[in-house]
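What follows is a pair of complexes built around chain A, which joins chain B in one and chain C in the other.
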Partner chain A sequence: MTAARADDQSADDPSAVGAGMEPPHRGSVLAQAVELSRRSIRTSFRNMAAFIPGLVFPLMLAAVYSAQFSRALALPGFPKVDSFLDFIVPASILQSVSFGATAAGAELALDIEGGFFDRLVSSPVARVTILIGRLAGSAVEALVKSIIVLIVFFVFGARVDGGVGAVIVLLVASVLLALAIGAVGLLLAIRTGSQEAVNATFPLVFVTLFVSSAFFPTELMTGWYQAVAQNNPITWIIDPLRRLVIEGWSWSDAGLAIGLPGALAVLTMAAAVLGLQRKMASR
Partner chain B sequence: MTQPIVAEALVRRFGDLTAVDGVDLHVDEGEVFAFLGPNGAGKSTVVRMLVTLLRPTEGSARVAGFDVVTEAAAVRRSIGVALQDAAIDPMMTGNELLLLQSVMHGLPRSAARVRGPELLERVGLTAAGDRRVGTYSGGMRRRLDLALSLIHEPRVLFLDEPTTGLDPTSRQSLWEEVRRLNDEGTTVFLTTQYLEEADQLAGRLAIIDGGRIVREGAPGTLKEAIGSPTLRIDTPDSHRDSAAEVLARFGEPRPCREGRVAIGLAGGAGGMAEVVRALDEAGIPLDHLELDAPSLDDVFADATGRRLEGAE
Partner chain C sequence: MSAAIAPSVPVGGAATAVRLIWRLSVRGMLRIARRPSLIIPTLIMPVFLLVSFSGSFSGLGGLQGYGTDNVYNWMTAYAVLQGVSFAGVGAAGMTAEDMENGFYDRLLLVPGGRLPLLLGPIGYSLLRSLIPTTMVLLVAYTLGSADVAGGVAGVAMVYLGAFGVATAFACLGLFAVFILKSMRALLAIQVPIFMITFLSIGQVPLSFQTGWLHAVSRINPITPVLTMMRQGFLGPVTWADSWPGLVALLALVGFFGIGAWVMLRRMAP
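Now for the complex of A and B:
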């Protein structure tokens, strides 16, 4: 349907439409993406009520676990590690990121519910920048939270054996995971237009993290729990990250830790863009 | 010059529901055109089609010279839009929103920094520019919404129920701003469910009901066409039927609020004495009697057989 396609592109050639009353100007797509990103970054930090719990909860949990489970390190089969704190560095970072990772979707749903989305799409904005803007907020928030969590862990004596390289991989992986989860939130927002629907996915994200190797090695699990954890993508991301923290630098682990969330992010972002195109074409 | 808003046989269906059922529009350059109708009449659906947010099921429309479907992007660049309920992110400040809106319309940031404060001053929000919109009153939001829709100096402005829910003072100040914009040459298309708003602002108006335009013209012309003034009386329930019978001798019955009887007084105000005498002779007690020159309310009632809520 050609009409649908023409409507979807804000950047179609203005010279092709000569009958207008005034020469319409073309907006810079980059400037639009930057400005929408600024908006979501700014508002996500203004919304401290949403930002703070994502830091406090993982840190409290880390404190409780490392006090309770320090003796678990002696269990046969537990990886060789200096302290439980080192063991859960990646888990706590990813958990902190998972809080608010669906916020991009929730915010977009709010924009749709409240009509701000209509304001945007009735202006000559390139549609994809609306999604980019939302994800940029999530990415920056994830980066800031990861850095804060890492600093707190360092203060309490955690050590990253993989050095600066491992720290960078940790941060990149957490940002990519935030993008992957964020894009799922965006897709849900586009499909349902309901903030509640998007928020309802958070428990799923939360539980997925717990049913993984995040806080306990899969080797020491049993039964269905072990089966689920071993086939959980979070485990596949956590394990190489953890080896970077407790064993030292390895290119293959770095590749796994970045490649997996990266691939996930590409997939889910593509799905979100397609979802938006379909929504726009079916109005 | 092409007309800034032209619609031909616009139809929009949502599943089985036909929200807009064949609407034709021709709005002239520099006009204030009002779309008057009750909730659910199809006003917003028409606006949403004209501003490219909804695709027509049938028919076509051109806005600012561009087709709303095949040249949607060009339409968006040419129009200003303030939709119902002033959709504004409460976490942002007025200045930030103006800057965002400028960039969305492709203005360079340097130009936006000049234009933003100008517009804030224009709508009387200079002092509130750095406050978050969440702290604004309803009237302030609408005024900011209007400022946002003006950022790229559009020639055609769409206002969907711009004063719904506002107090009378805020409504007045918004009306003044719309008049000022129109004086400067902006074509304004507004929807409203307030008779007074259409009467005050519109050069021409269309009454929409059930997705169709049922009357169209200048408010004065439409009122003249009604001709006779409306006579309404209140009388106890037990006398209402006989009162209607008596009144029917003096003019055609007109729709009115439940519990009242109304007619179009055929002989004009001069016939009042006779009506009162006749009611008196028939022994009908009067709780209340009023005579109104033809109003848009009468036009609406004549066109739809109903009164607009809150009117009369």
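Now for the complex of A and C:
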């Protein structure tokens, strides 16, 4: 256990959490969720070694790609766009978000490994708030990262033709995707109780993002790779987001951009809650 | 592990040093075989990078001046470069781990001088670089239908570049390890290695790059190395495309190698 982690646990002593939530009645569930969320959010922002690369790497990639793929804009089939920077806005945001999204699961696994989870479930805390608290950290981290990435893109001349509405959709979609990925991490943590197992999913997230339309249009890909990329859910999220950025506002694109990650988030969170219930029932 | 090395190494002389270098190199390879987690950077990542870069950017082959219409021909050398970079980092990782668990103190007592402690991990890095290089070439030929117009000489240039880069990055990693004496050294070297390989002609030719990237890429020593490794996929091997890469590799190996040796002697005179 690292010093920061020990500090985190002492600062958020379960007895204190429990004391703040006693007696266990329905009205206190919100307070419990708020307390656990605060703990999770603090943990997210204390761990700068994990937070910073999630910002720097996507921005670095965007800087390099926009300086080396400008000729590609002339390719037949490439969407009409002012600069590669505009094209890559949604990908950079989602990439940044995906870097930290599995942290919710990893933190829960750490709680399980360290015994803090057992202390939480033996205290009068509503079970679901344990998951809500963890996901809140991922959601807030995703929102902050998305805002920072967007600001950097705007500083370097990127434009969002869909206006404020499109910016809001970008932010909401990134938070929903973080919740979806985070809930998968929670489910894995509940099932395995192993931080290593949860962290092992990160390459999968990386691969899923890369084999999509994130960095190049699928129309310009060929063969089996194109087929995989076109049927990748990340492509279904990025394409409408990109149209909002480079073509302008469209209700249907906004619906698609929010609907799919929203549906994924609901499904994966439901699976995480079921997983937790099963784990508790088996005790 | 020490039992596998120390008793069978006779005391004194060049033969002892050579045997120790070999044992340390092989020990590194055994470490990979025993740890499935090391298969990802050794084997899976380079192949994934080859397939994903070639797949995602296959449209670039349609651009005039790209040099080939099959993007696998362009990306193979870059994927090999990424794979052997991990090999260099691996040499540093093995040494850092030995330092953290105390095994390195026992290695320092082994007869044969200090040079084997530098050349052993480099030997491991060279052996390890054979795996990603060969795998990436095989996948490029089978899955990507890559065409080695330069024939055997073209393939030889890929391996030559791979060995040079693995040696240079192993020296850089060891330089950092001899200073920090912990696994933190790996974090310290990953960023510069990523930067030096990424800000080059890895994915597109220099003529495609604009602004700051063009300026950085033009003076990046990895750029002539990639030109040397890639030439066999774009046409016949020529001296003009080879010598700048060889000079860059010699400079990188010399610079980082001397740095690592100086730090080793400072740590263990």
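The working rule: the second predicted complex is superposed on the first by the 256 of 283 C-alpha atoms of A that agree within 3 Å, B and C clash if a C-alpha of one lies under 4 Å from a C-alpha of the other, contacts with A are read in each partner's own complex, and residues count from 1 in each chain.
Basically, a contact is a pair of C-beta atoms (placed from the backbone, for glycine too) under 8 Å apart; a residue touches a chain by one contact, two chains touch by 3 or more.
As the structure is a computational prediction, the values presented were derived from the model and not from experiment.
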Which of chain B and chain C A:123 touches, first, second, both or neither: first
First (chain B), second (chain C), both or neither touched by A:215: second
Contacts of A:64 with chain B and chain C, given as first, second, both or neither: second
Contacts of A:272 with chain B and chain C, given as first, second, both or neither: neither
Partner chain in contact with A:91 - chain B first, chain C second, else both or neither: neither
First, second, both or neither for A:28, with chain B first and chain C second: first
Between chain B and chain C, more extensive residue contact with chain A: B
Contact residues of chain A, present in both the chain B and the chain C interface: none
Contact footprint of chain A on chain B as seen in their complex: 1-2, 4, 51-55, 64-66, 69-74, 76-79, 81, 83-85, 87-89, 91-92, 96, 99-101, 103-106, 109, 132, 148, 152, 155
Chain A contact footprint on chain C (complex, rising order): 40, 48, 51-52, 54-60, 62-63, 198-199, 203-204, 208-214
Chain A to chain C touching residues, read off their complex: 60, 63-64, 67-72, 74-78, 203, 207, 210-211, 215-217, 220-223, 225-226, 229
Complex contacts: residues of chain A adjacent to chain B: 2-4, 6-7, 9-12, 14, 17, 19-22, 24-28, 31-32, 34-36, 39, 42-43, 46-47, 111, 114-116, 118-125, 283
